[in-house]
Each structure stands twice: as structure tokens, then as C-alpha cells.
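Below, chain A partners chain B and then partners chain C, in two separate complexes.
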Partner chain A sequence: MNTVIVLLDAPEPWQIGFQDSATPGFEGIVALHDSILFYLVLILVSVFWILFAIINNFNSTKSGITYKYLNHGTLLELIWTITPALVLIAIAFPSFKLLYTLDEVIDPSLTIKVTGHQWYWSYEYSDMLAENGESIEFESYMVPESDLEEGQLRLLAVDSNLIVPVNTHIRFIVTSTDVIHDFAVPSLGLKIDATPGRLNQTSALIERAGIFYGQCSEICGVWHGFMPIVVEAVEVSDFFAWVDSN
Partner chain B sequence: MSADAKAQEQPVKRVLQTVGFDARFPNQNQTKHCFQSYIDYHKCINAKGEDFAPCKQFSRAYKSLCPNDWISRFDEQREAGTFPASLEP
Partner chain C sequence: MPVAAITGKLRRKIWTDISTALGLGVSSGYAYWYFYYIPSVRRRQEYYLKLEKEKLAAAGTE
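Up next, the complex of A and B:
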């Protein structure tokens, strides 16, 4: 397949922010992060305000009014107990809402089986079995540094991308054959353990074509850092063309 | 225009379909969904025969969900009589 590759969806050196989102799931995660960050800034400012106020007003040379005989304050204790509880509730509710929303896989149109191995990923598509009943199966290895071509990303490029259609509800069934790995693609909001003997389910609705990079995210042995994931989202017609060519 | 060329111009209708949500398996853990579908398929064909069309539903389910490695392992166990579940209808 001739695809023009534009590296818009790759991580950058020293990147601090998120990668651009490509699924509603990841948009929800970013929104939750941002709203939690509001409380984080609020707490940070108030704690440091009090800290610096105390240091400033009650140092060895300067002693303001000290409440020498005040050792109990019911109102104050109520405030500093109930306020953190309210903050925790305000964080927990949107968090659970998002968690359970992401967990739903209601009406998928495509199932892709993802298997982690030491140290590569393999993929199986068995929904559209060929005449002889064979499913599409392939392994995906990192391209070693010596084989990199112009424009390929070191430690991220693989020899065969995971080709998926855009605007399609995709179910991923994730498992492993040896130790625990973790299938993670930040732009798609995916991060799920690949556990031997267990099938974990997650889903993604990719809203734009692109190439999305991810890495194994559960320490799995010496080459843990060298089993990247590349998801290539293409138009549905291109996806079928790819299916036919396999 | 020949019929052949006409057929080529018509876009081929393709279906993107997979096993749907099953209320028995609402969890992230779908291991049982695969295993139970495999059992259901073999119970179904043992009762109604290989060609009974409704059994196809179960085979599509287990083929979509079970890793191919697992399927061949299940098949081997079935042939050796060591499959850990009853497949009697």
C-alpha cells in the first residue's frame, strides 16, 4: 500500500504534554486530567500560601500574635477535614464515570487479537476468514537501528504496522504467551495488560487516519524497551484493500 | 459494456462484523466468553450436526475471540479426550 507518511502523531524528545488525541476515549482522559489539574493547582497554591505565611510571620526575629493557649479549634478541624473530602468526591465521580464508560464495549464491528511475546507483538484478525478458514496473522518486530530508513523513528518503527479502519468500533482482545506485557498507545487512549492465560478486552474508535505509536508498558524482560506498537489507521476502503492483499 | 466490466465498476459490498456484546460476559476479562463459545459450538454440532447453520454463530464467536493458539490447543485436547469441559449436548 502506498501511504504518505506524515509523522504528526509521534512523541517528541522532552515532550511534556499529551500527544494529539485520535479517539473519544483519549479526549475523555485528557479532559479528566485537566479538571483534576484544577484541584491540584488550588491545593498547591493554598498549601504554599499557608506555608510561606507561617515562615514569614513566625520566624525567630518576628513573632506575630501567637495563640499560646489555643490547642483545639472545632471549626478549623471541620473545615480542614470536610474540604479535602469534598475535593476527593469531586475527583472520584468524574473518574469513575470515565472509567466505566471506557470499559463498555457495546457494539464493535471488528475484533483484533493482540498477543504480547518476549519481545514483539503479534496480531490476528479472524472476523473475515478467508475461503480456507485462515485468519490474517502477523508478527510485528521493531526495526533495528541499522535497518532504519529515512524518516523512520528509532525504537518506534516496526516492520509491519497494525492496520485498522477509521470510524469503526474496534475491539481489542489482548493476551500474552509468556510474561505480562502491556498494550499501550497514548493517542488512542489504550493501555491494557497482556496477561498469559487471560483475554483482556478494550476498544477504540479512531476518528482520523494516521500512524499512532505506542510501547510495551509492563516491564517484561531485557528487551522490554524494544517492542513498540504502531497502529496505522486507514480509510475503510483501504482497509478492505489491505485485507484482500493478505 | 460487457457484464464483466459492469460488475467491476460496481463497488463490492463488504461487511465489517464481529461478535457483539454478550450480557453473560460484561467484564473486561473475556476469557470465559471465548471458552464458553467454543463449548457452545461443539455442543451445538454434537446435537445438530456440522451443517446446522445456527451453530455458525458460536463458531464465529470463538474464532473472533480466542487466540488461534488457544483454538488449536482446545482442538488437540478435544481429540485426546482431555478437554476440561463436557461437550455432550
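Up next, the complex of A and C:
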């Protein structure tokens, strides 16, 4: 008997780091996080050293009246203002560069309309027509715990996955019919508000096949925690086979 | 006996403390970068290359 192990792109218990990336956008986000961590370590160690030096040098056991003469230090103030400013500039430029790069939606090959509802998601493939001449659309509900099958993830599995092709520029048009929801899939670097009366757009180029899990990330009511998102990335030929079957 | 004024401590120590703090901070930052971040990126790249090779090998045998 063959055993097939499917590793899912879903959060793990006690996870601290990021999920594995599947898009260049999320690679960029992780790289930015890692480079900012460099400055974080620098600041942490420097501040702790200064704290240690102050406690050591201005200790009351060394001199009870040292602090009496320490009420102003222009040089010190210049240093503690300019140094953080330089650090902020070093962080800001790569951050803006990434932000504007992620905002670009260049010539997408596929557009999917994502609509948030209380409390489920619906998807519409505006470019693909079903047999009845209308675009392919369906709703995606969480699988309740009582109906879970082996291997399905509690609070994450849905009845209908969002099927998308790999290595294809996909545009997501995101909106809502009732309150503000948020379409978020960590592995794909997607996180965008679904706002009623407004169309937000984002894009993804998924580089590997897989099943990517996300959740609504804007408090939207009592069942907010029960409207997960499952994106299933398949090879292009499999995607068209799926389109044909609809 | 009056206690003499204790002055100039900040001026005398400031460059030592600030350069030690920033020196230690920058060293720790680079230690994170070269001993943690770069090896982890290399491991990930090697893993993806391995996957890619396996995929190509599987496609070749089909």
C-alpha cells in the first residue's frame, strides 16, 4: 500500500516563524522582515548595553549624588535623535520599495472576484464561462467539525476550494456584501480588506502547487473565526480540466 | 569634609559607552546575519533546488 503524505501550507501548533512562501511577493515580505531584524538586534543590544552602563556607572552605592549634576546633555540628545533617524531611514526605503512593488498588478492572465459574506466566501471566475453562459462562481463554507474527514484541518477545511493555476499572474478583486472582511492567505502573501461598496485588488504569482490556508482577518461578527479560505494551486493543464468540468 | 563635586562623568564616559553599545549592537546584527540568516536562506535554496531536480527527473522518466 502506498502512503501519500501531503504537507499542507497551514499554521502549525506553537509556530513562531512564517509559513513557507509560495509567491515572490511573500518572499519579499520575509526578506524585508529578516533585514529589519538585523536593525532590531542592533538596537536591542545597544540599548541593553547603555542600560547596563547607566546602572553600573550611576549606581547609588558608587555615589549618592551623581544624578544631581546630570540634567542636560546636548551631544547625548543629538546622538539619541540622529541614530534612530538613520535606522528608520534604512528601514523605510526597502519597506516602501516592497510596498509599491506589491501594489503593482501587471497584465494578469486570470481575474478572480472574491466576495466576503457573513460568514463565508464566494468566488467568481469572471474570465471563464460555465455551460449556462454565466461566469463560474461558487460559495465556499467551512467544513463543520462533525463532518471532518481524516486529514482535513479543523476550522480551516472548506467544502469548495478556490482552484487556481500555478505560474500564472492572478488578479484578485476583493469586495464584501455586508461588513468588512479580510482576505488573507499567509503563504501567498495576501492580505486585503473586503469592503462593502468598494473593489480592492491584489495579485499573486503562485510558484508551486499546493493547498494554501488562510482565514478572515477582520473581525466581522460572531462567526468571524469560521470562514476560512483554501486556495488550491494546480498545474495549468489541471486547472483547465477543472474549468471544463464546471 | 565637604564632598567634591562629581562632574564630567558623562563627558568622560560617553564615547566609550556609545561606541561600545553600537559596536556590540552592529556585531550582534552581523552575527545574526551571517551565522543565522544566510545559512537558513542557503538551506532553503538547496531544498528548492533538490525539489526541482526531483521534479525534472520524474518528468524525464515518465
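The rule is short, and it goes like this: the second predicted complex is superposed on the first by the 225 of 246 C-alpha atoms of A that agree within 3 Å, B and C clash if a C-alpha of one lies under 4 Å from a C-alpha of the other, contacts with A are read in each partner's own complex, and residues count from 1 in each chain.
Everything that follows uses one rule, which is that a contact is a pair of C-beta atoms (placed from the backbone, for glycine too) under 8 Å apart; a residue touches a chain by one contact, two chains touch by 3 or more.
In this text the structure is predicted, and so the values were computed from the model without any measurement.
Novice: Looking at A:115, would you say it contacts chain B, chain C, both, or neither? Reply first, second, both or neither.
Specialist: It touches chain B, and chain C stays clear.
Novice: Which partner chains sit in contact with A:76 here, chain B, chain C, both or neither? Use first/second/both/neither.
Specialist: Once the two structures are laid over each other on A, A:76 reaches chain C alone.
Novice: Touch test for A:236: chain B only (first), chain C only (second), both, or neither?
Specialist: first
Novice: Quick one: is A:34 in contact with chain B, with chain C, with both, or with neither? Answer first, second, both or neither.
Specialist: The answer is second: A:34 touches chain C but not chain B.
Novice: With the two structures laid over each other on chain A, which partner does A:50 touch: chain B (first), chain C (second), both, or neither?
Specialist: Second partner only, chain C.
Novice: What is the contact status of A:199 with respect to chain B (first) and chain C (second): first, second, both, or neither?
Specialist: first
Novice: On the A-aligned overlay, A:88 touches which partner chain: chain B = first, chain C = second, or both, or neither?
Specialist: A:88 sits against neither chain B nor chain C.
Novice: For A:105, decide between first (touching chain B), second (touching chain C), both and neither.
Specialist: first
Novice: Report for A:173: first if it touches chain B alone, second if chain C alone, otherwise both or neither.
Specialist: In the superposition, A:173 touches chain B alone.
Novice: Residues of chain A touching chain C in their complex?
Specialist: Chain A reaches chain C through residues 34, 37-39, 41-47, 49-50, 53, 57-58, 63, 65-66, 69-70, 73, 75-76, 79, 83.
Novice: Per the contact definition, I'd like the list of chain B residues that touch chain A in the complex.
Specialist: 14, 16-21, 27-31, 33-34, 60, 63-69
Novice: Of all residues in chain C, which touch chain A in the complex?
Specialist: Residues in contact with chain A: 3, 5-7, 9-10, 13-14, 17-18, 20-22, 24-26, 28-30, 32-33, 37.
Novice: Okay, in this complex, where on chain A does chain B touch?
Specialist: Going by the criterion above, the answer is residues 103, 105-111, 113, 115, 124, 126-127, 129, 135, 137, 165, 168, 171, 173, 175, 177, 192, 197-202, 236, 240.
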